[in-house]
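See structure below.
Going by the order they are written in, the chains are A, B and C; count residues from 1 in each one.
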Amino acid sequence: MDQSVFIFDILLPALMQGLVVTLQLIACSAPFGLALGIAVAVGRQYGGRVTSWLCKTFVFLIKGTPLLLLLFILYFGLPAIGITFSAFVASVVGFILCNGAYNAEYIRGALISIKDGQMVAARSLGMTRWQAIKNVILPQALRRAIPGLSNEFIYLIKYSSLAYMLTVIELSGAGKLVATKYFTYTESFAVVGVIYLVLVTITTAAVSILERRVAVPGTARAATAAQL
Amino acid sequence: MDVLSILIDWLPYLLSGVASTLGLVLAALTLGLLLGLPMALGQVYGSRPVRWVVGVYVWFFRGLPILVLLFLFWFGIFPGLGLGDLSAFVVGAVVLGLRGAAYQSQIFRGAIQSVGEGQMIAARSLGMSRVTAIRSVILPQAMRIALPGWSNEYPNILTDSAVCYAIGVVELLTITARMVTQTHITMPIYLATAGIFIILNYGGLKALHRLEKRIAIPGFGTGAM
Amino acid sequence: MNDNDIVLRVEDIHKSFGGNEVLRGVSFDVRRGETKVFIGPSGTGKSTLLRCINQLTPPDRGKVWLDGEEVTNSGARINYFRQKIGMVFQNFFLFDHLTALKNVELALLRVRGMGKAEARAKALTELRQVGMEDWADHYPAELSGGQAQRVSIARALAMDPDVILFDEPTSALDPELTREVLEVMRKLAREGMTMLVVTHEMGFACSVANEVLFMENGVVAEQGSPDLLLHDPRFTRMKDFIGRIDSRMED
């Protein structure tokens, strides 16, 4: 069979269907992963003793466990105790937990880097503790956490491929099916790889634009450099 | 049936998985070091083509998911090169190592670049060749600066090594899955494996931090970082 | 004067960075055992001149000879000449990962190929020369600036150089520490070491220098014994410069 016929008529259409699923996985995971990261970081930093301990333990356990094992637990393990997810939902839940735990570390680092004076000033204006965190501390911390959060987002793009191990036919799964059927492993996975490279490269470029967009004069860069 | 006694019966098998996983991680870390360090040197001191080649390598191996890399090399590239007889373990270790090299090279590059310019000038002023200066003055400092970042490669590779399950490497996760299939005990076995990974993860990190303290030198931030 | 006494000959050195010509033809001879001090406003190429001598910065034009052998265009042999031309830097540049002793030993082992015991003995001797033998096992981060600079002098001395280049050796030090470093340099001068010193320390220049070279705009503007440049009415430019510094310090 002609190489170009194979690539354009068989491989790419299949991969595009897979790409849609990959994008759905990312779209369903990323917002909740960010929200979870914020919640865990704030809980760890500003919560009571129990909340703080719970948040810390959550991050400890998730970071210590391979994501693939976590996915197995969610998809194959939970039904044994009566909780059943579809493969897609199990994947998304796994990605949210994993992404959330890593995001929390970056956000917490950023929270710590915000000077005490910011909280004092906010409280002196009559804000409650939570109002101060929400309106003063977090907006600054999230800006500082952007480089780390973007890194995690890029990891999410790549690790979304593990959903295939739960039978979700996303981009790499679609590539694997075509490769096996037509015995075209190198070509298929090479094209799959190129698509991931494009996704990652576009995201990296978008992130640097975002960073410039949200930069506040006199804050972000110098502060990050000082922390290092 | 008593879950605990079954688990104990299977324990030697599970431990063989631990050994296999640690073997993967050690091989990958070593390969990553052996390739990553010269790559970093090439990127800092090399000619333009060398820097370009290393840059493309890094971009490629950092841009692809580990699962796709494993599939690509296991099903495609190695058989295509006539290396189809390589065991899944070897391929898994090599792919983890090749990818680790991309990450490690960037850790070392940053560390080399953070060694003050004066160190090279002083070394050359004493009559050292460039190579001697890099070996005796720049690298010993860069390695110390790199160690905290390098330590984080260990948990990364440890957790990624589980993906080698996908190409049939008989490591901890594969053995876990087999045990689940054969014993029909699911959650306890999964949680036991998770516990083992967590112990390996933080135990290894602790050992690395101890190493950092041991080789700490006044004026180098390694101990405190 | 016997030509054999000349250990270092510098001839018509030119150097530009971008469009900026920092050195515009500098020449001088250095006799064995002599101390030459370079004085002048900053940015007149004094430090660049020193780096052109040992080729850390290759000059655009001009030649340098050490003991009658050409240092410029010497290819890989430059590493030999650099052993014979020691250098001491404003910011010490001690090897931060090595103790004082190992700093002095390193080039003995790796460049001169000395055995361990011999290198250690030699390094200790040089540390004693600069009064730092008690600090042999301390790391640079544990030393004061003055101590670090003395170790870096010992490091240069260990190579048995024909000449040592001092590039503003006390500019990063406060007065107390400056004194201990100048004391060591004074001692070296007395013992017959050949030295080229870029400095702003007029006191040192007057008491130690055999010759002062006043540099301005990339050339040697005035040259002579300290006494001559300071007191002979035919020489005015260095006196003007010193006057400017003094009045600035009084502000």
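The rule we apply is simple: contacts are C-beta pairs under 8 Å (C-beta built on N, C-alpha and C of every residue); 3 or more make two chains touch, one makes a residue touch a chain.
In this text, all values refer to a predicted model and were calculated from it rather than measured experimentally.
Colleague: Can the chain contact pattern be summarised as a line, a ring, a star, a complete graph, or none of these (other)?
Modeller: Per interface graph, the chains form a line.
Colleague: Centre of all protein Cα atoms: which chain's centre is nearest to it?
Modeller: Checking distances from each chain centre to the full centroid gives B.
Colleague: Any idea how many Å lie between the Cα centroids of subunit A and subunit B?
Modeller: That pair's centroid distance is 22 Å.
Colleague: Can you work out the whole-Å distance between the CA centroids of subunit B and subunit C?
Modeller: The mean C-alpha positions of subunit B and subunit C differ by 47 Å.
Colleague: Using the average of all C-alpha atoms in each chain as its centre, how far is it in Å between subunit A and subunit C?
Modeller: Here subunit A and subunit C have centroids separated by 57 Å.
Colleague: Residues of subunit A that touch two or more other chains: which are they?
Modeller: Nothing qualifies.
Colleague: Would you mind writing out the residues of subunit B in touch with subunit C in their complex?
Modeller: Counting only subunit B, the residues touching subunit C are 116, 118-119, 121-129, 132, 136-137, 140-141, 144, 217-220.
Colleague: Residues of subunit B touching subunit A in their complex?
Modeller: Residues of subunit B touching subunit A: 59-60, 62-69, 71-72, 75-77, 79-80, 155, 158-163, 165-166, 173, 176-177, 180, 186-187, 190-191, 193-194, 197-198, 201-202.
Colleague: Touching subunit B in the complex: which residues of subunit A?
Modeller: 60-61, 63-70, 72-73, 76-81, 158-162, 164-165, 172, 175-176, 179, 185-190, 192-193, 196-197, 200-201
Colleague: Which stretch or stretches of subunit C touch subunit B in the complex?
Modeller: For this pair, the touching residues of subunit C are 54, 56, 76, 79-83, 86-87, 89, 91, 93-97, 106-107, 110-111, 139-142, 152, 155-156, 159.
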